[in-house]
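In the two complexes below, chain A is the common chain; its partner is chain B in one and chain C in the other.
On to the complex of A and B.
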């Protein structure tokens, strides 16, 4: 009897000792990421995740490639609605506001403070221009990961050919139009080389219109409240009229909607002398350009100003405490100065942390690639990327109308009136429940 | 020797023109995929092959994504969907074609209604169902919503209705039960329709992008279309046309080869099935 009791006790103790092993299983989390550039980046991201998983055996991150920026938002929201929230998502920087508004993502303040710092101290290392798209209502909702500004890329061989100084890119819109006229090569009525080409693709088009409107003194949208956009305004009308004139009056820009690939291909092929593309294209252009090129700020009319582009890390609500902590560990690892610097050199985006540029590898990179420094210089003039209630639909309300102007089927003024009306209709539910929700 | 009438000759010319038009994109894709990497982008639009051809873009495309895994996953997915569909579609088609039951017309119209609904509106409800079934991030979760097919049911129902009732009655006189009826009478006579439906099913699911994107997270469970999207999706940057063409060729090639190998059978199936 005593022997049996002793045996049972021993078995119980053994069973208890076995528990820690099973309790130590890794915390599994999903990481959703878009790759708005080619396949090598998807592979590099998967390599980084594998490296993280090896260094942190207590966490198991599954990297899921999730399409483009818009598709990533759809997938993340659908997964969260289905009860499978991704712990970390690399989200277009201007979608953060809407996700916070809809209460779908976590404020990061508690995790920042648990690390023994304040949100202001945490954000201090990130470029000031990036703060607006990461913060809202006094909270930090996102960690900037890769960022960009639009740049003017120009073919310096073409500049020399027509007597323009390659070291003096156009600074003002007048300079820009004059240069485009000089650079355009015609054979009778046929254009053999366009002076300038800009993309009409969704997302890129809205972003380019932001840059032109801001350069024309405007704001594009209310950066402090998500229910207003400023489409039907003199600043945007001037910007769109410039683009319309470049096509239909000066005839130095191709008519119709040229997509992103068409823009970069024609630049590489020497069929256009100047293009507006993202800093995210720097690596690709650098590796593929046969002739000589340089980059410059987007020309200004009233002031230098462009919108930030790129993506930030957010954390979706609904994950367990352990998953949230694991996600935070992963997000911090991805955004160390070293990892951000490495990703920047690999992609062409600029690194969102200022301290990345203090690293010797980054200093050497900038010395060897002065074009990469131009996007940094332009940061002095960078504004937050437009973010509203229902950002994508509001953006497309404008893009659809601008595409009509580029195709010659509408005039700028009527297009912007329609864009404004359509955008206002889309934002009406939000407006009615906020600014127009008055005390009884 | 029959002389072609002017009308017949014109028909031939138009058909030839359409055939050339149809094949040009495929030709360009193959030519672009085999271009040496050093070819200037200006020449990328040309339909003339570069000489000597190069496999470097195909090698780059192959290296940029896990193609063997994608092929396996996509094949398992489309064949799995088809296998289950053939069972459910056959049974449902027989029920609608030959069984009498209360509300039969209403049920059939409800079935047809599915053909009019646009898949994207189902993403969240279907995803919730898939999660509840424990099939999230599984190929089976991608496949499950397609295990029934309104299109297939409709097609096969029409086919079954054209089979003479007398054949069924004769078989029943010989003691055939329902399953034997299907196996020995209806299915053998419906092979053209079944082949036509199989082609449509395999092709549409091979090419599907959004739903696999929604359901699958793990890289080792990904399918070809999502893998290919990492080449072609482009919001801020540029892409290498050769590698893009090579990636697309890798995705399209299996279906193209299958079509060429079985094209006579495919064409015959569409003709006899009334899908022309």
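On to the complex of A and C.
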């Protein structure tokens, strides 16, 4: 045991000596990134970081793959709490609001101004729909990195088979329901093929509900203040009733919760003719679909509107001055129009900078992949992404109730009333300390 | 025990001064004590301490709440839901899991080439990490396309939406757990069966006991300590194994697969309510200790009975 202890202490001393030595050579920073889609992306990200390190000998970025979006947030917060905040984190864009509220991330405008730019000029190049999730309360908090919207994917072989024009995707909810009815194939009471399937997985469910609600003229949440959500509203009641009718009245959508994998595999297997999936699934469907498919906007009842998704770069508080500067250099390098463009072509996400699309290689890519062009067109109608105090819990308050409707255990109206009450209870501490904190 | 000590050591220990003996003892214990204090007792105290505080609002310190978190916990419908789910999960994983393990052990007790291969086959799920097993079951459970539904379709049965129907999801997860654990419990029962004395069987046979009577009056009573032990292991598994919920359902649909540990995780990381999560941890570990204590009590009673016999 004595030998082991002395070995251990020797190792500790060695580790203490080694740390400052490596830090002296170059400014070392940590970069946390999630991989929401597949492992290919993690490799590409490692390659990019290596390239950056070679081009910038004075900075040493250590990339750390940190699981999915939720886990990345938890790990970054844990690292910050342990006194080793990651300088740069690729964070789900709707967590930025919460992190700023908790005073865990740096406002970026001082660094933008130190570069000789104004924050308006800095933000101008990013698509307008992305601004609300990156800039609020008078500061810029995040640099958008890759983004997505929900899209309607439809099987053109099935369209032809039932006499629908594959070049005329449903535009309104009426068209949509009509098409779904025609596309559904029955054998007696049994459904052999569903007209439409949408995901009931947590996260994707909230995102799909926001797309339907926004297409129905609604707002879903208060984009300017994180203490209000609009669950018990006519626009959301209409959206949820549509989904309930698709399942229980028209019987063209499977009952219960179908998760993301179930949605994409049933579409690939030709067991469902239309699905709502992220633009981030474009590459996956393109590579795995045997039949023919096209993509279209999410159909509208009142207006065309969907929420954006994706991730942005944020910088955690608590790093040294040099590390912050190094982190900013790295964030800027990752988000040049060229680098964003190549990441977009690699992943299927769209690039947040409009100038990326002026590049010749991007123009060529859009010409070769018309489905990517549709995704880009829908951006004009995009809205900011749900972000409140305790975003995930508030979102789940709705999702649990919507799942009950999809399973046929609740009616839309009572479900939305319960969702509103639960969400209000979760946000109460924040509401009490802000909007309801009144002068004596 | 003292008789087993080698003679010189005993002499040394007896002749050494008491103070010195204590010092040696503490020195020998120190490494484990330090590790235990840092990684076991420290965190336990910290959880107890944290359970008395509320969640901090931005820029403020966490407010002291006393026992409020505990009161809130008992009234919280989500916690009651998770506790009920966990009770159902415990009942339907422990009894069938142990039963299946016992049946497998009885069937494969005699050593032959076939039975040792089968033992390995049934033990195999234990070697697969739960998170990996769950990732495979994602594809088994896919409605309509999954392996399970494909086999059911062959005999003309249309499977339910395994993970998406609130009435079915918890049982799908229970099925996975039983499949995963039965082989592990089988191993304990196999070991337990080796301990049953052959003369008891011989005596019973002479008394005219058939196979079933021998099982009921000899095997099962002799296995009581093993059962109590496996019961405690199974109980701990109920509380600490949650990987499959993470991978398969995240507690849904509509919270029907929300188990206690997942509830605690959600409170800590989704609601940032560390105090509430800590209180839930304290309560669930207390309940676990209580039930395990009862299990071990039964185990010891079983042992005393056996020694008395």
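Observations on the model:
Note that in this section the second predicted complex is superposed on the first by the 416 of 440 C-alpha atoms of A that agree within 3 Å, B and C clash if a C-alpha of one lies under 4 Å from a C-alpha of the other, contacts with A are read in each partner's own complex, and residues count from 1 in each chain.
Heads up, the rule we're going with is that a contact is a pair of C-beta atoms (placed from the backbone, for glycine too) under 8 Å apart; a residue touches a chain by one contact, two chains touch by 3 or more.
All values derive from a computational prediction rather than experimental measurement.
After overlaying the two complexes on the shared chain, residue contacts for A:404 are found with chain C alone; chain B is out of touch.
More residues of chain A lie in contact with B than with the other chain of the pair chain B and chain C.
In the superposition on chain A, A:431 contacts neither chain B nor chain C. Of the two partner chains placed around the shared chain by superposition, neither chain B nor chain C is touched by A:302. In the superposed model, A:35 lies in contact with chain B only, and not with chain C. In the superposition on chain A, no contact is made by A:379 with either chain B or chain C. Look at A:284: by the touch rule set out above, it reaches chain B but stays clear of chain C. When both complexes are overlaid on chain A, the residue A:366 reaches neither chain B nor chain C.
Residue contacts after overlaying the shared chain place A:271 against chain B and chain C alike. Shared-chain residue A:204: touches chain B; no touch with chain C.
In the superposition on chain A, the residues of chain A contacting both chain B and chain C are 74, 201, 261, 265, 269, 271.
Within the complex formed with chain A, the chain C residues making contact are 28, 31, 55, 57-59, 138-139, 142-145, 158, 161, 163-166, 250, 252-255, 266, 269-272. Remark: chain B residues 40-42, 44, 61, 64-65, 123-124, 127-128, 130-131, 136-137, 210, 213-214, 216-219, 222, 226, 229-231, 233-241, 243-244, 247 touch chain A in the complex. Residue ranges of chain A in contact with chain B, taken from their complex: 30, 32, 34-43, 46, 62-69, 71, 74-75, 78-79, 81-84, 86, 148, 201, 203-204, 260-261, 264-265, 268-271, 277-278, 280-281, 284-285, 288, 290, 309-310, 348. The touching residues of chain A, when paired with chain C in their complex, are 1, 5, 70, 74, 101-103, 190, 200-202, 254-259, 261-262, 265-266, 269, 271, 390, 392-393, 396, 399-401, 403-404, 406-407, 409, 426, 429-430, 433.
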